[in-house]
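Reading through the C-alpha cells given below for one structure.
Residue numbering begins at 1 within each chain, and the chains themselves are lettered A, B, C, D, E, F, G and H in the order written.
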Amino acid sequence: MKDAAVVGILMGSDSDWPVMEQAAKTLQSFGVAWEAHVLSAHRSPQLVRRYASNAASKGIKVILAGAGGAAHLAGVVAAHTILPVIGVPIESKNLKGLDSLLSTVQMPKGVPVATVAIDNATNAAILAVQCLALSQPALQRSLTVYKRKLSLATQTADRKLSRSA
Amino acid sequence: MKDAAVVGILMGSDSDWPVMEQAAKTLQSFGVAWEAHVLSAHRSPQLVRRYASNAASKGIKVILAGAGGAAHLAGVVAAHTILPVIGVPIESKNLKGLDSLLSTVQMPKGVPVATVAIDNATNAAILAVQCLALSQPALQRSLTVYKRKLSLATQTADRKLSRSA
Amino acid sequence: MKDAAVVGILMGSDSDWPVMEQAAKTLQSFGVAWEAHVLSAHRSPQLVRRYASNAASKGIKVILAGAGGAAHLAGVVAAHTILPVIGVPIESKNLKGLDSLLSTVQMPKGVPVATVAIDNATNAAILAVQCLALSQPALQRSLTVYKRKLSLATQTADRKLSRSA
Amino acid sequence: MKDAAVVGILMGSDSDWPVMEQAAKTLQSFGVAWEAHVLSAHRSPQLVRRYASNAASKGIKVILAGAGGAAHLAGVVAAHTILPVIGVPIESKNLKGLDSLLSTVQMPKGVPVATVAIDNATNAAILAVQCLALSQPALQRSLTVYKRKLSLATQTADRKLSRSA
Amino acid sequence: MKDAAVVGILMGSDSDWPVMEQAAKTLQSFGVAWEAHVLSAHRSPQLVRRYASNAASKGIKVILAGAGGAAHLAGVVAAHTILPVIGVPIESKNLKGLDSLLSTVQMPKGVPVATVAIDNATNAAILAVQCLALSQPALQRSLTVYKRKLSLATQTADRKLSRSA
Amino acid sequence: MKDAAVVGILMGSDSDWPVMEQAAKTLQSFGVAWEAHVLSAHRSPQLVRRYASNAASKGIKVILAGAGGAAHLAGVVAAHTILPVIGVPIESKNLKGLDSLLSTVQMPKGVPVATVAIDNATNAAILAVQCLALSQPALQRSLTVYKRKLSLATQTADRKLSRSA
Amino acid sequence: MKDAAVVGILMGSDSDWPVMEQAAKTLQSFGVAWEAHVLSAHRSPQLVRRYASNAASKGIKVILAGAGGAAHLAGVVAAHTILPVIGVPIESKNLKGLDSLLSTVQMPKGVPVATVAIDNATNAAILAVQCLALSQPALQRSLTVYKRKLSLATQTADRKLSRSA
Amino acid sequence: MKDAAVVGILMGSDSDWPVMEQAAKTLQSFGVAWEAHVLSAHRSPQLVRRYASNAASKGIKVILAGAGGAAHLAGVVAAHTILPVIGVPIESKNLKGLDSLLSTVQMPKGVPVATVAIDNATNAAILAVQCLALSQPALQRSLTVYKRKLSLATQTADRKLSRSA
C-alpha cells in the first residue's frame, strides 16, 4: 500500500508537468511520498482553496506550486495554509519567466512563498526534503549522501574534463 | 439616499488608498456610485472570494483592483466573477511597479484582467465608465464632454506655453 | 444575413492575424459579431482615425487593437473614441513584447487602454464579451458557462494527470 | 521681426517643458528659429495631426517631440509628415523612462523616429541643427565651433581636476 | 537562561541589520530563539563556511541569509549545509535589488535557496517558523493565530477605509 | 559613372551586413548614392576616426552606423563629425539588442546619435533620406510617394484580410 | 615537458566547456600555459576554496571563472585569493545571462571580479594575457601583433564587403 | 619627488570624480602612484586616443575608466592600448547604471574591458593593484594584509552586532 503523500505538487496547467515532474522524481529518490494535481488559481480557484485548506489535515507537510506568467498559484495556496509553500516560476513564452518569477517571489509581509529558480522544480523538491528532514534523521542522512553525490559528480566531471596545455 | 454602488474599488492595503482614491474621485465626477474596500488576496482571501462572487448579484457592474508587488488581487477577483475586472498595478518600493505590472497583466487564457498604467487609477475609473456607458447614453455624453475637456486643457496649456524665437 | 459587427478587431499588420484570429474565434463562440481590419497607426493614420471616430455610430461597442514594438495603435484608437479599447501587445522579435506591453499599457491620465497579456487575444475577446454582457443577460449566462468549462477543463486535466507515489 | 520657425518643439504636456526648454535654448544659441507647442497624441490628436500635416508647408524643417510613458507623440507626428522627427523620451515616474524610450524608438519599418537619450532634449536640438546644416554652411561652421567648445570644456575640466599622487 | 538559537540570521554587512532585524523581531514574537551574525561570503568566507558547516550540530534548524548586489551569501551557506536556507535579497543602491534577487534565487540544481521578496525579512522569518512548525504543534497554533490576525488587520483597515458614494 | 556616395553605411562587423543591407536597398530605391564599409570602433579605431573626420569633405552627408553589444560605433563616429549620425542597434545574441540599444541611444549632451529601432536599418535609411530631402525637393516627392505606398500596402493588406462574422 | 600552468580556467559545470574552451584556445595561441577544472561554488565548495587558496603558491597568476544563473564561482574564488579573478557570465537558459552577469559583476567593495561580456571567454583570456604582459615583454609584443591582426581582419572584411551604389 | 604614475584614472566628466576618487584613495593606500584625467570619448576623442596610445610608453601599467550612460570611454581606451583597461560603470540618472554597465561590459571579441560593479571604483583600484602585484611581491603582501583587514572588519562588525534571543 502506498504511503499517504506528505508533499503536494500543484501546477497551474498540465503543460507544466514536464517541469514539475522533476520534483516528483527527486522526492521519489528520497522516498518521500507525493501527490500531483493540476489546479489553477484562475480557472479552478475553489479547488485550490479546498486543497490548500485541507492539505495539513490530510497529512501534507509541504506544498510545491508551479505556474507561469501572472503566476498566482503559489501565493493563493499560501493564503490558505500555514504549511511551507514552495513556488516554482515556470518559464513563460514571451518574457522567459521574468513575469513568473516576480509574480511568485514578491509576496507581501506575512504570506511568504519560498521561491526557487525559474523551472527548477528539482530544487523545490530538495527544499521540501530539507524541511521534512528537520524532524526525520533518516532524511538528514539522505541529504548528506545527496550532497556528497553532487560533489562527487562535479569531481568526476572535473576528472574527465580537467586538462592543461 | 445614496445610490447602490455599481463600481467596486478594491485594494490590497489601506496604503494603496492615495492611489485608488483617484478612481473614486473620477467616478464621482461622472456620477457613478462606487464603494471602496480593503481586501487582500493573501491576508483575507475568503473575503475577496465572497466579495467577487457576490458582486454581480448586489449590483456591482465593474470591479477595480489595485495591488503592488506580487499583485494577485485583480487576478483572484477575476477568477471569481464574470464582471470586467480592471487592474491597477501599484508602484512597489524596490522594483518601481514592474513586478506589480507583470503580476497583474500576464493573466492566462480565459481569465482577463484589463490592466492600466502603473498607479493610474484615474484611467481605471474612465475605463469603468466606458464599460457602463455602453448601455447608458448619459454616460456616453459625459465621456464626450470629458474628452473635449481633456483636449481643451491641452489647448489651454498650449496657449500658455506656446512660444517661439 | 450577418449581424452588424459590435466588436472591431484591429491590427497594425496582417502578420498579427495569427494572434488576433484567436480573438475572432472566441467572439464567434460567444455569438458576438465582429469585423477585423488591418490599420496602422503609423502607415495609415487617417484610416485609423476615421475608423475610431465612426466606430460608435456604426454600432461598434468595443475595439480590440493588437500591435507590436512601439505599439501605438490601441492608444491612437483610444484618442479618437469613447468606446472601451482593449490593447493586445504583440510579441516583438527582439524585445519579446516588453516594448509592445509598455507602449500599450502606460497610457496617460484620461485615455485608458485596457491591456491584456502579451499575445493573449483570447483574453481581449473575453474582456469585450464581459463589457457587452453588462447589458446582455444572455452573454452573462454564456460567460458563466465558459467559466465553468474552464474549471472543468482543469479538473479533467487534473484527473488525467493527478498521481502520487 | 522674428524669423519664421524652422524647428517645431512639441511636447505631450506642459510638465515636459523643463526638459524640452533645453532644446529651445540650444537652438537659440545656434540662431535657429523655433516654436514650441503642447500637443498630445492622446488628448488632442486632431491638433497633432494638423500640426504635423501642415508643418512642412509653413516652413518647419525638423520636428522635435518629447513625451513620457506610452510615448506616442513622436510616432504619431512621424505618421503625418515626411520631415525628420526627433523623439525625446521623457523620464516617467515609475519606470524611469524605459517605457518612454521603447515607445519612442521601436518604430516599424517605413516610419522612423530619430531617438535621443532619455531627457536629452539638448541632443535633439543638436541633431536638428546637424540636419539643417546639410544645406546651410553657416550652421556647419557653428557646429564645428560648438564641437571645439565641447572639447575645450572637457580640457578645462581636465586642467582643473587632473592630479596625481 | 536563554534558549539555544534554532534560527541563524546571517547578513553580509551590518548595514543590512535594519532589514534583517525584522526577521529577528518576527521570530521573537513566535518565541523562536535566534542568533544574528555579520558574515560575508566575500570578506570572511572561512567564517561563513565554519558557521554553515557547524550550524546543524549546534542546534540551528533554519538559516536566514540577507545580502545585496552580487548576493552570494545564501548560496554559499547552502553549499555547506543540508539545513533549509532562506535568502533575503537586500535592495541595492543602483539596481534596486534586481541584482540581489537574481543572485539569490537562480541557484543550480541540487542546492536550493528559498528566496523571499526583496527586503522582506519578515517573510523569511515566517517561512522559518513554518518549517519548524512541521514538528512543533505549538508553532502551528501560533501560525494559525498569526494568519487570523493578518486577516483581522485587513478587516480593520477595511472598516476604517471602506466607503462609498 | 556612379555618383559619389552621399550616405555612408558603416558596420562593426561583416556579420551585420544582412541587417545593414536593408539600408542600402532602401537608399537605392530612392536613388541616393551610398557606400558601405566594415569599420570597428574597437578593432580599427583609426580607420573609424579617419572615415568620420573626412566624410564631410568627400561629400558624405549622413552616416549610418550599425553595431551590437557594447555598440560604440555610432557614438565614436559622432565624436569625429558634425554630420548627422544615425545609429542602428543590432540584435545581440544574449541580451537581444537591449545592450546595443542602450549603448547607442544614451549619448551625453552635445554628441547625439539619432537612434532607430533594433535591427531596423530600413528606417535609418528613410531618416537619412528625410535629412537629404530638406534641400532636395525631388526627394521630398519621393518620400511622399513612399508614404502613400506604405498606406496603400496597409490598405491592400486590409482588403485581403478584413472580414467579419 | 609541459610548462606549469599560469592561468587557471574554472567552470561551474562541464556544460560550460564549449564556452570556456575559447579561453583555453586563446591562451594557447599566446603560448600561455593553462589548466582547466570543473569546480562548483555550490556543489564542491571545499575544492573551490582549496584551489583558490593554493593557486598562487603553485604558480597560477590569473584565474578565469565561468558560471551561469546565480553565478557565484568567480566571487567565491576571489574571496580566497589575491590573484586577479576574471569572471565570464555564461548564458542562462531563461534569463539569457542577465542573471549570470549581475551575479558576477556586482561584487562588494574590496573583492573585485573583473567581468567580461556574457559568454565571451576569449576576452577573459586576452585580459589574462594583458595582466601577464605587464612583466613579460614578449607577451606585450604578441598582444601588439594580435591587435594588429584584429585590425587587419576588419580591413580584410571591409575590402570584401565595401561597396557603393 | 613624486613617482611617475603607473595607474591612469580616466573619467568622462568631472562630475564622475566623487566616484573615481575612491579609486585614487585606494591606490594611494597601497602606495601605487596614479594620475587622474577628465577625457571624453565623445567630446575629446583625440585626447583619449593620444592618452591611450602613449600610456604604456610613459609608464602607465593599468588604466581605469569611469563613464555613465552610453559609456564608451573604457571601450575606446581599450581599442588603443594593450594595457589592461578596467571599466567603472557610473550610475546614470534615469536607468540607474544599467545602460552604463551594458555599454561597458558587452565588448566584442578581442578587446576586453575588465568591468567592475556600478560605481565601485574602489574595486577597480584593487583589481589594478592585483595586476601590478603579479610582479611586485610587496604589493602581494599588501593585498594579503588588505584582505585580512576586510575579514577583521567583518568580524568586528559581527562582534558589535551579533546577538541572540
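By our rule, a contact is a pair of C-beta atoms (placed from the backbone, for glycine too) under 8 Å apart; a residue touches a chain by one contact, two chains touch by 3 or more.
Since the model is a prediction, treat every value here as computed from it, not as a measurement.
**Student:** List every chain that touches both chain E and chain F.
**Tutor:** G, H
**Student:** Shared touching chains for chain C and chain H?
**Tutor:** D, F
**Student:** Tell me the angle, as a multiple of 5 degrees, of the rotation that maps chain D onto chain E over the C-alpha atoms.
**Tutor:** The two chains, chain D and chain E, differ by a rotation of 180 degrees.
**Student:** Taking each chain's centre as the mean of its CA atoms, how far is chain B from chain F in angstrom?
**Tutor:** 43
**Student:** With centres defined as the mean C-alpha position, give me the chain B-chain C separation in Å.
**Tutor:** About 18 Å separates the centre of chain B from that of chain C.
**Student:** Roughly how many whole angstrom separate the Cα centroids of chain C and chain F?
**Tutor:** Averaging C-alpha atoms per chain gives centres 35 Å apart.
**Student:** Give the residues of chain A touching no fewer than two other chains, as numbers and ranges.
**Tutor:** 13, 40, 43, 69-70, 95-96, 98, 105-108, 110-111, 113, 117-118, 150
**Student:** If you go through all the chains, which pairs of them touch?
**Tutor:** Pairs satisfying the touch definition: A-B, A-C, A-E, A-G, B-C, B-D, B-E, C-D, C-F, D-F, D-H, E-G, E-H, F-G, F-H, G-H.
**Student:** Tell me, which parts of chain A touch chain G in their complex?
**Tutor:** For chain A paired with chain G, touching residues are 91, 96-98, 117-119, 150-151, 153-155, 157-158, 160-165.
**Student:** Using the touch definition from the top, list the residues of chain H that touch chain D in their complex.
**Tutor:** It comes out as residues 2, 5, 13-14, 17, 24, 27-28, 33-40, 43-44, 46-47, 69-70, 93-96.
**Student:** For the complex, which residues does chain E have touching chain A?
**Tutor:** Counting only chain E, the residues touching chain A are 56, 61-62, 82-84, 86, 101, 105-118, 120, 122-124, 126-127, 130-135, 140, 143-144, 146-147, 150.
**Student:** Any idea which chain C residues touch chain D in the complex?
**Tutor:** 12-13, 40-43, 45, 49, 69-70, 72, 75-76, 78-80, 92, 95, 98-99, 102-108, 110-111, 113
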